[in-house]
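Same chain, two partners: chain A is paired with chain B first, then with chain C.
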Partner chain A sequence: MFFRIGLANIRRHGRRSALILLAVAVSVIVMEFMAGLVAGMRADFFTNLLNDNGHVRVRSAAVADALNPFALDLLLADPDSVIEAAEAHPDVADAESILTFGALAVAGDKNSPMIGYGVDLDTGYFTDVRDGLVAGSFLRRPGEILVSESTATLFAIGLGDPVVLLVEDSTGAPYYLEYTISGLFRSKSGQFDDTAFLVSMNDARELLYVENSVREVRVRLHDPATADTVAAHLRSALHAAGAPGRHEVETWEQINGSMVIVLEMFDVFMYIINVIIVIVAATVITNAILMNVFEKIREFGMMRAIGLTRRGQFRLIMVEGLSYGVVGSAVGIVFGIGLVLYFQSHGISVGEVTESLGMGRDITTAFVPGDAIVSALFGMLVAVAGSLYAGLVATRMDLIDTLRESA
Partner chain B sequence: MIELTGVTKDYALGKTTIHALRGVDLTIETGEFVTVAGPSGCGKTTLLNIVGCIDKPTGGDVLFSGTDITSLVDRDEAKLRLERIGFVFQSFNLIPVLTVLENIEFPAVLAGTPRAERREYIDYLLCEVGLREYGRHKPDELSGGQRQRVSIARALVNRPDLVIADEPTANLDSETGRRILDLMKRLNTDDGVTFLFSTHDPEVMEYAGRVIRLRDGLVEAA
Partner chain C sequence: METLRVALKNVFRTPRRSVLNILALTVGVSVLIVCLGWIGGYHTYIYETLIKMETGHVQVLRAGYYAEKRRLPVDIVVPDYATVLAAVEALPDVEAAAGRTSFSVKVSAGAKSVRLIGTAVDAEREGAVGILDDQIVRGVFVDQRPGVMLGRPLAEKLGVDAGDTLFLSALDRYQVENLIDAEVVGIFSFGYPLLDENVVYCDLATANRLLSLDDEVTRIVVRLKDGDRLTAGLAAVADEVARYGRTAGEGDGTILEARPWHDFARATVSAVKGDINGFIIMVVIIGILIILGILNSMSMTVHERTREIGTLRAIGMRRGQLLWMLAVESAWLAVIAIGISLVVTMPVALYLGRTGVDIASHMPPEIPIPFGERFHADFAPWHYFFSIGVGLLTAVVGAIVPARRAIGVEVAQAMRGKRFG
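Up next, the complex of A and B:
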């Protein structure tokens, strides 16, 4: 019967109930959305960014201090031994070579300096490019090149059109080769699209006149948490192979240090936002519930006169508060999850802000059931906390005083 | 059943002390139909509140079936009100979100009476007060007289020793008020329910088996 009275009183108070329910629902929506946002950023980072850049990277030790990171004297001459050493570790899922270089791309009467990526035809990286193909196909054979949709528009070219790549090869001489566009892509990063193209590893080596060399070896792990262990293993293996100090082995935390800090900052930021939400919502809810309770103080007095104890009165108030919490949280979580799912598929475009952080042009949210449960529970907790205060204040009144209150 | 000895009640009103009761002595026996009468401000409601464990006296003793109720703690007072006293208020004081049946049932739910048992008795009470067809109605769908009859049925649901009614007909027209008093009188006569009610209306006093007249906090005649 107490629940019946609680739910019926919610209907009875009309506008004030709507205000309380709105406060609970909005707090749940914001909490759920923020949680989805941070989860999405983490998912983007860990699954996309890390998967595509690898969890451990091996490159020439001289790159760190070099003025020109694309200089051809900074390549790894022995990638096969690095890959062999990496794949010997049980935590390694795979290891692959990437040859990054600078080139001038020429098409018709237009040209632009760009960054080329020489990759294996069956590369497991660049999934963002593969998933972002808008025309044609990924590299299938030597002689093909993959450019972005924006680059194609800039150059006024399309599928099947030739692109000439002009480089300074390993001998220092200018050299060029022509490639045919096999596909156009639109990745999540506008910056990447404007500056990058992909060719096969063999084509890149031929163009640059570097026999077996690569810019870096990217290593993907079964569990990113084992990166330090694998990196240590690689350093010692490469040292033992008689190449001390020639290689730089970095984990994803070292490579993406600023991004990790940004994610940690977002965690703190989300925590602060949640605290503010709880305080504001609790204030609104407590005030409204207090008004509800004191409007009914004479009614409570009557109930106590016919035998309701102080504890029973407290329980009635708490049940009403919990009812607000349950209903408000239910509404809030439905809208909150809807919001998260919408932006999970549509993304939030914030342009250069996220581009500069390496997160691409859009942020996507991610739905995590645990976060939804926590957000809903928080909404209920806020309503219950507001009722707790109102209940303590109301039940302290003497019975005779409650009956004297005008209706 | 009820025995008051030297009961006083003082209220602080700013810097002034109001002596609502100045030493009341009276007894009420089981089965009586007693009214406390007097002008406004004479202490009627204060007296009823003290007898009903809603308020505590400043001095004196109040025995309810031999138990000193002035020294009871809050929880025991609530238990006494729930199990042994029924209240009928001047302004009915029904729970607006509950139906007639649920309003009557409320004290029985608090007392932990099994559902089947309480529903059977509530059916009987609804018949007694003439509201059998109104069980599913809400209080705001009833007239003043009907609401007061619901209030009486609620006061009786836990089969109390005593029903206290504070000016039960004050908010009713005279015809409806007479019907309510007839109902109370019938319950007293047929079922032996003890009634203690207050009034300042001479016509209402005529229904009482005994009239206790209060003036300025003292009993004039018992």
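Up next, the complex of A and C:
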């Protein structure tokens, strides 16, 4: 019965009800959108960045503080033992070697310092490159090179054209080899596109004159949460293999510490915005509900006179507030989810700043049902909190005063 | 005057309602003041720091250089440097100008070597356009003697100090590898990792020797007298370099081009714009909620005081006076809220402006934004005036619809008890 009365009262005060519903809806929309934004950034990070960078990384311990992180004396000489140790752990999905190096790319009369990635032809990484192929194909055979579309434009080259890579090999001598462009890609990161190319692992080793060495071993896990356990396992396995201190084993949190910091800062920022919006919305809602209550104070007086208790009056007010919360949250969540789904497929362009962290120019939102439920519940909570104050004020009044009160 | 007094009394006739509206307005005005000061800090500190540290206000480049700048070409140069420089320096909008050459270089010290970005500066003029000379922590700037300057972390990793010798090797403009030795004359520290760890500076003569350049640079960095007049300054420089091009016999004068500083700081500008857009959206949402809240309150006020309004009209109050009174009531809410906001935000503004916030230590080093040791917000008087104006306007706008309804009240019906609003 109380719910019926509550819903009837919503219809009774058309304009005011619309205002309360709008305030609740706006709060819910903002909360849902912000939650979707954070979820989207986390999803981009976990599914794209982590999947491509690996959840655990093993590399030479000297790289972190090295003058030149691409120096060839900082390679892992025994990647196979590292991979074997990694794959012995049940939480490891796969482990793969990557050989990163610096090179001068030369095409025609132009050259540019770039970063090369020597990869297995069937690499499970660099999915952004594979998905971003705009011409040709991924590396299929030795002698091929993958460059970005922007690099091809810079050098005025295309599919099938030669690119010479000039390096200082492991003997310290300059060395160069020519490769044929097998494919052009456009990844989500302009910065990556401008600086990177891919060649096969064997080609990279031949060019650098390194036998079996690699820059790092990337390990992908079934569950990123087990990264610490797997890292600890790898450290002890490598130590036992007689190579204490030569290897650095890092988890994804350490590898992507910068991005983790940015996500945490964004969480705080989102929280502050939500609090500000909710405070303002709550004042509007409380004010409006107070007006509703005082408009009906004589009516409440009559009901109290014929037997309605203070508790019953309080419950009536609270239920009306809850009704506003339910309807307003429902409206808000529909629009909020709509916004989230729209930007999930269209993305929000944020420019070059996220590229410096390895992400693309666009960030996308992500719809998480749990977040939507929380946002909707919070909207109801705000409406109920507003009614709480109105209910306390109304039930404190004497019966005679309420009967005398003119609306 | 009487209207003001009566309006103020009316505000306190419904204290609960007024307090809630004042609270909402206080939050809105406070958020706006702090946001404006924060954004002011972006312009004053971050943008200005970038302009002084790296970009200048305008850069003169050879046409085609910008599209290829990521490969640091030394074959796309500004020719006739002295002549072009003199022409640009003579412009009334220009405070100073200096040439720079950017190139890819391998720096070696003993067995250690690393590939870096080299930046050659015009030793005599660089101090007028940049702040590199103020960042020297050991040794001297290259205007004292020719040589190279390294960032402190880089020097530590190379194991060199002022007075030591380095070897520089690079592909010159003819694609021939050159190798020269150079003295480390100074160690600098910007506190900005992207520069401190990745860039080596030298004088133009050293770079010209390495790169086989003559009277040429890859860019001329221009500092304007008034950075707020960027568009005018850019146009003046662009016209001058176009005139040079025509004089030099290059057809329509497109041998050189002038570009604004933000073309060279896209990541920073995009980050700041993103923040500003977020602030704007938040303030607009708050503003809409406040307007609706006040609209609702004032509607209730008109509804409750229909008889009173009718009586006032009956005894001679004109519609305009009534409208004014209701608008002033709403404005009083804003005035009180503004007073509270000023009290609340003043210490915040003082802290953010004078002490600042240490953002840099919490930000990843890869973020190309020079926050400096402490980021300071920059609160200007117009921020307060603007926020006060917005607060007043929001409150008055919220009162318009109910006020217009009030002035439409039929006097006789209102006195009889028919309610409006």
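Simple rule for what comes next: the second predicted complex is superposed on the first by the 387 of 407 C-alpha atoms of A that agree within 3 Å, B and C clash if a C-alpha of one lies under 4 Å from a C-alpha of the other, contacts with A are read in each partner's own complex, and residues count from 1 in each chain.
Everything that follows uses one rule, which is that a contact is a pair of C-beta atoms (placed from the backbone, for glycine too) under 8 Å apart; a residue touches a chain by one contact, two chains touch by 3 or more.
Note that this is a predicted model, so its numbers are computed, not measured.
**Q** For the three-chain arrangement built by superposition, which of chain B and chain C touches the greater number of chain A residues?
**A** Of chain B and chain C, the partner in contact with more residues of chain A is C.
**Q** Could you say whether A:V284 touches chain B, chain C, both of them, or neither, answering first, second, both or neither?
**A** After superposition on chain A, A:V284 lies in contact with chain C alone.
**Q** Should A:V319 be classified as contacting the first partner (chain B), the second (chain C), both, or neither?
**A** Neither chain B nor chain C is touched by A:V319.
**Q** Which residues of chain A are in contact with chain B in one complex and with chain C in the other?
**A** none
**Q** Which residues of chain B touch chain A once you look at their complex with the stated criterion?
**A** 49, 52, 54-55, 74-75, 78-79, 81-83, 86-87, 89, 91, 93, 95-98, 102, 105-107, 109-111, 154-155, 158
**Q** Quick one: in the complex, what on chain C touches chain A?
**A** Spelled out, the residues of chain C in touch with chain A are 16-17, 20-21, 23-24, 27-28, 31, 67-68, 70-73, 75, 104, 112-115, 154, 157-158, 171, 175, 266-271, 273-274, 278, 282, 285-286, 288-290, 292-293, 295-297, 299-300, 362-369.
**Q** Touching chain C in the complex: which residues of chain A?
**A** Counting only chain A, the residues touching chain C are 15-16, 19, 22-23, 26, 30, 65-68, 102, 104, 109-113, 154, 194-195, 257-259, 261-262, 265, 273, 276-277, 279-281, 283-284, 286-288, 290-291, 295, 350-353, 355-357, 393.
**Q** Considering only the defined contacts, which chain A positions touch chain B in the complex?
**A** Contact set of chain A toward chain B: 1, 4-5, 8-9, 11-12, 298-299, 302-310, 312, 399-400, 403, 407.
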